[in-house]
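Next, two complexes with subunit A in common: one pairs it with subunit B, the other with subunit C.
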Partner chain A sequence: MKDVLSIKGLSKSFGTQKVIDNLDLSVPEGTIFGFIGQNGAGKTTTMKMTLGLLEADGGEITVCGEAVRYGQTKNNHHIGYLPDVPEFYNYMKPLEYLALCGEIAGLSKSNTKDRSDELLSLVGLNGVKKRIGGFSRGMKQRLGIAQALLSRPKLLICDEPTSALDPVGRKEILDILQKIKGTTTVIFSTHILSDVERICDRVAVLHNGNIAISGTLSEIKTMHGKERLLLEFSQKSEVSQFKACEKIKPLLSQTEESGTEIILQGKDIVHIQRVVISVLAETGLCPSKMEIMESSLENLFLEVVM
Partner chain B sequence: MNTMQSALIKKDLRGITANKQLLVAMISVPIVLTVVVPSIFIMLIHFMPNDFSDFDAMLRMLPIDIQLDNMNTAIISLLLNNIMPVFFIIIPIMAASIMAASSFVGEKEKRTLETLLYCPLSLKQIFRAKILSSFIMSELVSILSFTIMTLVTQIEIFLTTGSLLLPNISWLVVLLLLSPAVSLIAITLIVRGSARAQTMEESQQRSALLVLPVIFLVAGQFMGIILINIWILLGLGALLALIAWILMNGSFQKISYESMLR
Partner chain C sequence: MRGFIAFSKKEITENIRNYRLLIMLAIFLIFGLMSPLLAKFTPQLMEALMPNLAEAFENPTALDSWTQFYKNVSSLGLSLTIILFSSCLSGEYAKGTLTIMLTKGLSRPAVVLSKFSAAAVILTVSYWLAFGVTYGYTAYLWPGASLPHVFLAAFALWTAGLLYLSILMLGCVLFRQAFTSILFLLVVTVIMGLVEQIEQTAGYSPVILVSKNIDLLSGTVTASYFTIPFIVSIFTSAALLIMSIVVFNKKQL
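After this line comes the complex of A and B, so read on.
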């Protein structure tokens, strides 16, 4: 699969603070790529450098095979960009705004009109005649997607598009991104991990200015994830009795405990299960609940960043 | 100038007319300066024809032939062709400042500039379009103000004196040289400060300083220190045009994508 975006050895500092440190990243064509990181991890900085709006200290960025140069936004005809809180000219109506964007992007009037109708329909704003000033945040975000897709970009960069939205607004945005998946590659930056799990094919976690883990969701879970076994007892004393067993002690290095619950985790869940069952048989302890918990992206993310 | 830049210019011009607050400021100041102030002067001269003590200093500087003629007409001519041109300079300064502050810093403040910055136009092309839209608006307001002022004052002069007293050639220098030059200086000051300024008000304060020399000129006339004539206007116009040119050429070095996104 061809890479739409390729970043090699990218670095960026603000004063003495190194935000991006020798970052390598590639985004394959046709994917929805989740770009995850804590607030201030450098996601937006990376995106602005990709758009040619910030000067990198080092490294190279190519979009659709063309090198990105700071201050040269010509390459941006390949890219659509949706900021976290898109702002518009409030006195305009959606069609007027898209017409302006079309003119600025150098599209013909008829092409802009056809494309605007198509996109407003895609984002559920067709027939909306009121001025943008009266739009809800979710409507503005959807209009932002329409604007970003106007010139049929190969890559759509969405910078935390769902962070400021309510659950309904979030769902609408995620549905739209899923709809365009076949035609446009999407980079979806966020710290809402459930959104990533819902729509992204591939994921990269940005931490300390570099990619800590990346791959498809299943690859990441297989390679980095630890399966977890939850045991719930009826009394707290049973938890203490369970933990006191010699056979269990080696497994206690990575446990989470709260009240009458204990979670054991490790790479070999079958081994953990065998040990636990034998301990339960020996001690006569009977947990009220025992279940294998699938490793979530949130667990993985927390492991990486903490 | 390409169609993409034309679209930006049209958008900026519409942005001002769509903003009631800015539009009111853009209309009210010229009305005060070109309709209210001259009307008050003309009425005062008409209803108090023998009290010219306020104009003594200026009258002494007038050429002998004018002083000997009808005193009412001499005072109105002094007002129309010597005092009003100086007052008038405030209009392009104000219009250019409002428009440029809205177009550059206003868009930065409202975060709408971000969308323009990543469009396929270069930063210079975007800024040239914005400078041009501010300049067009400023000149449009100036010409309209002059037209309205001429109409109103001529009607008033005709009604009070029974004859017309048309503006002299000084106005041509004001409209074709001084007004464009001060507009460009005001715009350039705002462009140069746009990287640092975070609010429209902050950026407008810089160009408001341009009004100070205008006030000194007006005061100088009333105190009899200087009488603005066509040669002074020509000299002033040439000097301001030169300053505008120098400032304009250096203004692009002050801006970058990073500074505009801050």
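After this line comes the complex of A and C, so read on.
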């Protein structure tokens, strides 16, 4: 698979604060790429540098094989960009705005018109005649997607498109992104992990200015995820009795305990299970519940950033 | 070029829909109408209000009409223009509306030039409208009055207006807030005034273009007195626009 976007050794500081530190990232064609990180991790900064809106201190960014240069917007025709809070000219109507975008991007009038109608119905804004000033946040977000897709870009960069929306708005945006998956590569930054699990094929977690983990969702889960075994007893005393066993002690290094519940973690879940079962058999303790907890993206994320 | 045309059209639409064009036309039309009328009826007004001072205002002439015009336009008219257009970039910075435009491939010089062109066109239309009205009215109220260099004097003020717009443009590019851009313009204006005060550089400053128009009409100064300030003004405007583009190219948005 060809890479639509590749970033090598990217660095950026604001004053003395190093936001991006020698970052490497590649996004293969045809994927929905989840770009995860805490607030302030540098997701927007990375995206803005990719668009040539911010100057990088060092490193190289190529989009569809062309190098990105700060201040130059030449190779932006490959990219559609949806800012985190897209702002438009309030006095315009959606079709007028798209016509302006089309004219700037160099599309023909008839092409812009057809494409605008098509996109406005994709995002559910067809027939909306009022000025953008009267739009809700969700409507602006949807118009943002329409403008970003206007010139059929190879790469769509969405900066936290769902963060400010209500559940209905979020679902709508995710559905739209899923719809365009076949034709456009999507980079999608967020800190809402359920959104990532819902639509992304590949993810990268940005932490301390660098990619902490990246890969396909299943790869990441198997490679980095720790499996967890939950045991629930009926009384607190049983938990302490269980913990007091010699065989269990080596497994207690990373446990979470709350009330009558105890969660054991480790790389080799089968081994943990064997030990636990033999201990239970020896002591005669009977848990009311025993469950293998699947590693979730949330646990992974917390593990990386904490 | 494509981006420039598209964005200029957007600028004109914006100025129509946020009533800037309407306000400019209305203000300048009022100045155009008011100047000759004020000159004509000041004596009557003075007689009614302050009879002992009325003698000084007797027999108004066409020159009084133009004095009113230059007084109104060069002070209030230009100030209002500056205030109206001082927010032309700050609004875009604050809302972030330019980001999408730039990611569509709009070049940064096109942004600066479109903003300037739209403001210049609107100022030009409003200004010459005011001039036309005053010219017609003055000719009607004082038939047969002939003054030298009527057009040249008007052309001088117009050139200075464009210079002020280009100073404002640089201010808008340098600073994020409209108020700071206006402050920047004030500082530059004061410097231009000082240049005129210094003996070695007297006669060079574009300030002459806004202050000596009446002297030109009354024959106190000759047309050649305006030549150097004209040239200085045009070159300064061009240089300021180039600087605005250079600064804007480097600006992080």
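FYI, the second predicted complex is superposed on the first by the 306 of 306 C-alpha atoms of A that agree within 3 Å, B and C clash if a C-alpha of one lies under 4 Å from a C-alpha of the other, contacts with A are read in each partner's own complex, and residues count from 1 in each chain.
To be clear about the criterion, contacts are C-beta pairs under 8 Å (C-beta built on N, C-alpha and C of every residue); 3 or more make two chains touch, one makes a residue touch a chain.
Everything quoted here is computed from the prediction, not taken from an experiment.
Participant: Could you tell me whether subunit B and subunit C fit or clash when both sit on subunit A in the superposition?
Facilitator: clash
Participant: By the touch definition at the top of the document, which applies to A:Y89: first (subunit B), second (subunit C), both, or neither?
Facilitator: Both: A:Y89 reaches subunit B and subunit C.
Participant: Check whether A:I199 is in contact with subunit B, with subunit C, with both or with neither, and answer first, second, both or neither.
Facilitator: In the superposed model, A:I199 contacts neither subunit B nor subunit C.
Participant: Mind working out whether A:L230 is in touch with subunit B, subunit C, both or neither, as first, second, both or neither?
Facilitator: Touch status of A:L230: no partner.
Participant: After the superposition on A, what does A:L217 contact: first (subunit B), second (subunit C), both or neither?
Facilitator: Neither partner.
Participant: Name the contact category of A:E103: first (subunit B only), second (subunit C only), both, or neither.
Facilitator: both
Participant: Report, in rising order, the residues of subunit A that make contact with subunit B in one complex and with subunit C in the other.
Facilitator: On subunit A, the overlap between the subunit B and subunit C contacts is residues 51, 53-55, 71, 73-74, 76-77, 79, 81, 83, 85-89, 91, 100-101, 103-106, 147.
Participant: Of all residues in subunit A, which touch subunit C in the complex?
Facilitator: Within the complex, subunit A contacts subunit C at residues 51, 53-55, 71, 73-74, 76-77, 79-81, 83, 85-89, 91-92, 96, 100-101, 103-106, 144, 147, 150-151.
Participant: Which residues of subunit A touch subunit B in the complex?
Facilitator: My answer: residues 48, 51-55, 70-74, 76-77, 79, 81, 83, 85-89, 91, 100-101, 103-106, 147.
Participant: Would you mind writing out the residues of subunit C in touch with subunit A in their complex?
Facilitator: The touching residues are 2-3, 5-7, 9-10, 13-14, 17-18, 95-97, 99-108, 249-250, 252-253.
Participant: Can you check the complex and tell me which residues of subunit B touch subunit A?
Facilitator: Touching subunit A from subunit B are residues 3-4, 6-8, 11, 14-15, 18-19, 110-112, 114-123, 256-258, 261.
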